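Chain naming follows the written order as A, B, C and D, and within any one chain the residues start at number 1.
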Amino acid sequence: MADSKLFSLSEAIDRFVPNGSSIALGTAQETLIPFAAGHEIMRQRKRNLTLLGPISDILFDQMIGAGCVSRIRAAWVGNVITGSGYNFRRAVEGGRVEVEDHSNLTMSMALRAAAMGVPFMPARTALGSSLYETNGSLMEMQCPFTGETLTAVRAIQPDLAIIHVQRADEYGNAHCWGNLGITREACLAARDVIITAEEIVEPEVIESDPNRVVTPGFRVTAVAHAPWGAHPSPVPGYYNRDHQSFLDYREAGNTEEAFMTWLATWIDGVEDVGGYRELVGEERLDELAIERPAPTAPADYGY
Amino acid sequence: MHETEYTLAQLMVAAAAREIEDGDVVFVGMRLPLLGFQLAKNTHAPDAVGVYELGIVRHSAAPEPILTMGDLPNLYRAQWLADTADLMGLLQQGYVDVSFIGGAQVDRYGNLNTTYVGDRPDDVTRLPGSGGACDLASLANRHIIIMVHEKRRFVPEVDYTTSPGYGDGGDWRRRVGLPRGGPAAVITTRGLLRFEEESKEMYLATVHPGVTVDEVLENTGWDLKVADDVQTTPEPTADELSLIERFDPDGFWTGGP
Amino acid sequence: MADSKLFSLSEAIDRFVPNGSSIALGTAQETLIPFAAGHEIMRQRKRNLTLLGPISDILFDQMIGAGCVSRIRAAWVGNVITGSGYNFRRAVEGGRVEVEDHSNLTMSMALRAAAMGVPFMPARTALGSSLYETNGSLMEMQCPFTGETLTAVRAIQPDLAIIHVQRADEYGNAHCWGNLGITREACLAARDVIITAEEIVEPEVIESDPNRVVTPGFRVTAVAHAPWGAHPSPVPGYYNRDHQSFLDYREAGNTEEAFMTWLATWIDGVEDVGGYRELVGEERLDELAIERPAPTAPADYGY
Amino acid sequence: MHETEYTLAQLMVAAAAREIEDGDVVFVGMRLPLLGFQLAKNTHAPDAVGVYELGIVRHSAAPEPILTMGDLPNLYRAQWLADTADLMGLLQQGYVDVSFIGGAQVDRYGNLNTTYVGDRPDDVTRLPGSGGACDLASLANRHIIIMVHEKRRFVPEVDYTTSPGYGDGGDWRRRVGLPRGGPAAVITTRGLLRFEEESKEMYLATVHPGVTVDEVLENTGWDLKVADDVQTTPEPTADELSLIERFDPDGFWTGGP
């Protein structure tokens, strides 16, 4: 059997996220956002990172505020239910962060191109838009067969994809369910994949349903156990979205000072995701619990 | 702003719902459209299909109020949970009938800006960006724009075209290679605007109850065309209001002005 | 709620498979081959069909032998465990069937291009091969970014995709598991989708696991109940591969005369998949049953 | 053909297994390679990963003998069941270390034909075609060819290049745009052949027990080069034979000649 890939989250981030890395995260968009991993990256003050994603729901803004980020290649950075991300806004307006402006479609095609091992993907979006002015990964092209004008999207191969899943085994085999966003493409495109999981389970659990496996285990670099590791975003089967945290964050990001207080409290003020959970408080977490379970009808893989 | 038994947001949600036809495949966006789709589903468009960029396709309505498309009730008993790219394929193929997007700036040809306001690179305000908006504006058979109607937002020409409308008018979309579509309506805080058949220039179609045409013109940054027979935007019915209140019980999106 | 899409298999084929149609089938390759649907097409003597697929395990050969086919766009046509398909061979050598020679990669990209709504997909395969001489859907191109030489694969939009699945509801929502081959692309690319299913179940069963849904129900045209509808190919969770049928078929296809006897017996000699099951015989089918069930670990979609 | 305590097919399976290194990602083909991979997994390459074009990735060996890659035991407890396109992505990215393909015709540069033998369009024999063979020959880091060694099959130039080898030799693959790879060995019914470093021309490396070099030359359609020190292909060990018999208990693939 292969060697275990199980690490503590802090060790996984320390070993596999060098300064200057390009990282795809938040790939499922509003669900399964790897907040615990992002927070550990902030705690370790990684530097000059490039963040890749479709829409990003406050995690990118937090990592920018912590000074970890020099470049963003994404479709949307902000706070989904309140609007702007103020650290992002200040960093861009202050010229401290470079942005490549994607749409959800161009970002998914950039990662799919890398996942397919080809240098670009053709698309029909963004023609006539200003995205061409602020995204060097887009180029107009003619279809070799029909002559139609298309948008060629250049492949983006992340150094890392960091994803949060429901359950994984210690060898990197993981089950992920719900809306997948661009998670599959990101994992297949990335050189290394780091998985944080609500639960670490026996390999038999994962092997019982190979169609639910998010990416082949042999491509995964590290697995870390991070219960509530996607809070305040929702995890299908585990907990609901903590809307209040997103609402509170609007104030936290509002000014540089306010954010420094937030950073000192929620990141540097706790040791790990366990400390974070305590700070959120059991009562608050209990309110997010799944109250109406809805298990799947079984499928059979026997012979 | 309004002194009636419904809020402006509720009026706009009802107007958005009316833009959806039964059987439509609707690419549902954030905020008010999220409610507009649910309202249409529960009134005149029971067979509409909702597509959400996260990778969700729904035929039934979510069983509980949701604040955002990623809320777990919106995944429960979905028709399909898949990759964003799969849904982008439906969009590029032309299966999406209508979509909704909001913005910070719109111009007379319905071009929308949600990225940079001001002069790049130095004197600019940075906004969140496209998300899926550029894709929806490029590829849906028609799209609906939701706007706060202010002079600084209704400008002769947007500073940045995040989501293409009709460019500089006429057959611009065909010329740049967009396969179809364009904005069908702009639902604002003051009225509802549409686009001329040939020129593709925006014009005022209806004003909301209590709003005058002059008020709309004063709050538009160019010499806005006006329909010969400007009507009043229909008020939401009692049934519509009770449904909207069911979907947004705390008035998070549709509470007072 | 939407209208029911449930039809008898014979009515579904009669109504939705006009002569001259282009049909993707056998998209999972060796598993879940829609034999019952293919046999009904043969029974109704549909004409001038174009068959699309990756590798095809004897079904294409049978449909060619029945005179239903004028064109093949596929990567491989034969009998996987014995080699050549003799009807295919005779038809091509006799000039009665036109062939566009694909590889598994070029066929999957041709369908994915259509599924993505773009006119082509770039690939790195087949450069320098003779596929270019017998496949007009391939063209050399340069990457607009890197200048690398690539194979552009032209989009193929089938009129129909016909797939066999484990279970479906009457509205076209279906669960399919196992190796998927090019099934997802074929369904998303096709104008119409016909599904044959081992079981017709309540919508709640399918809705309990939306990630296992093979294609969105609103894109499906017809659903037909066809137990053992993939025999002699295997169906995960339902029955194993009937190797003997594939071995027997080698002789059946060997000469035109032998095939006419096979056709009279297995297609025209039975009324439907029920009659086919009787002809195969209960004892034989029992031997194919799943002896070691292996149910999946449940996932939860509650809130 | 052989009068020993093992069959020729068993010898070839053992030779195929030896081409797999531990940790390799192996794109497993039909017939003998199916057994070669299982043999390697159970001997010197326990950490090899098997990839099957149908959409299967396996780390553990199948729990029961299988006749073909689509047999359900080959799906049971797979590491991943996915789309063919996903695996083609692994292949195009360069993650596949070694693959195996068979053919009807091969030439001195390892170009392989499994599509048309004879002169198109009139005087031809039609074979099944590429399947995934063209992709594996184009994109795996190396591929192994399995052949019946007959003069009519070992031809100076193939009638149709289904699966590119080294074209006309030298740096042909780079010239036509193939990103990597090429045949590393040809395992035949008479011996094992490899390719010269520079010219990429095929040469005889080992002959199977009981086979002479002359016999190989007589059955090759061109003036085949021969290694200075032609060795004898190692016979399968008793352990290897018992494993092969476990994977192919009825001798379907490895029964007598």
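Quick notes on this one:
By definition in this document, contacts are C-beta pairs under 8 Å (C-beta built on N, C-alpha and C of every residue); 3 or more make two chains touch, one makes a residue touch a chain.
Note that the structure is predicted; figures quoted are calculated from it, not measured.
Separation between the centroids of subunit B and subunit D, computed from CA atoms only, is 58 Å.
Centroids of subunit A and subunit C (each the mean of its C-alpha atoms) stand 36 Å apart. Between the CA-based centres of subunit C and subunit D the separation comes to 28 Å, rounded to the whole angstrom. In subunit A, 116-118, 123-124, 148, 150, 177-178, 180, 184, 208, 211, 236, 240, 290, 294, 301-303 are the positions where the chain touches two or more neighbouring chains simultaneously.
Across the assembly, subunit B contributes residues 71-72, 75-77, 81-82, 85, 88, 91-92, 139 that each touch 2 or more other chains. Chain contacts here follow an irregular pattern that is not a line, a ring, a star or a complete set.
Here, these are the chain pairs in contact: A-B, A-C, A-D, B-C, C-D. Interface residues of subunit A facing subunit C in the complex, by the touch rule stated above, are 116-124, 139, 141, 143-146, 148, 150, 152, 154, 166, 175, 177-178, 180, 201, 205, 208-209, 211-212, 236-237, 240, 290-303. Against subunit C, in their complex, subunit D makes its touches with residues 30, 52-56, 67-72, 75-77, 81-85, 88, 91-92, 115-116, 120-121, 124-135, 138-139, 160-164, 167, 172-173, 176-179, 252.
Listed in rising order, the residues of subunit A touching subunit D in the complex are 2, 114-118, 173, 184, 188, 204, 207-208, 210-211, 213, 215-219, 301-303.
The touching residues of subunit A, counted against subunit B in their complex, run 28-31, 54-55, 57, 74-78, 80-81, 83-85, 88-89, 92-93, 95, 99, 101-105, 108-109, 112, 123-131, 133-134, 140, 148-150, 177-185, 233-234, 236, 240-241, 243, 290, 294.
Partner subunit C is touched in their complex by these residues of subunit B: 25, 47, 49, 57, 59, 63-64, 71-73, 75-82, 85-86, 88-95, 139.
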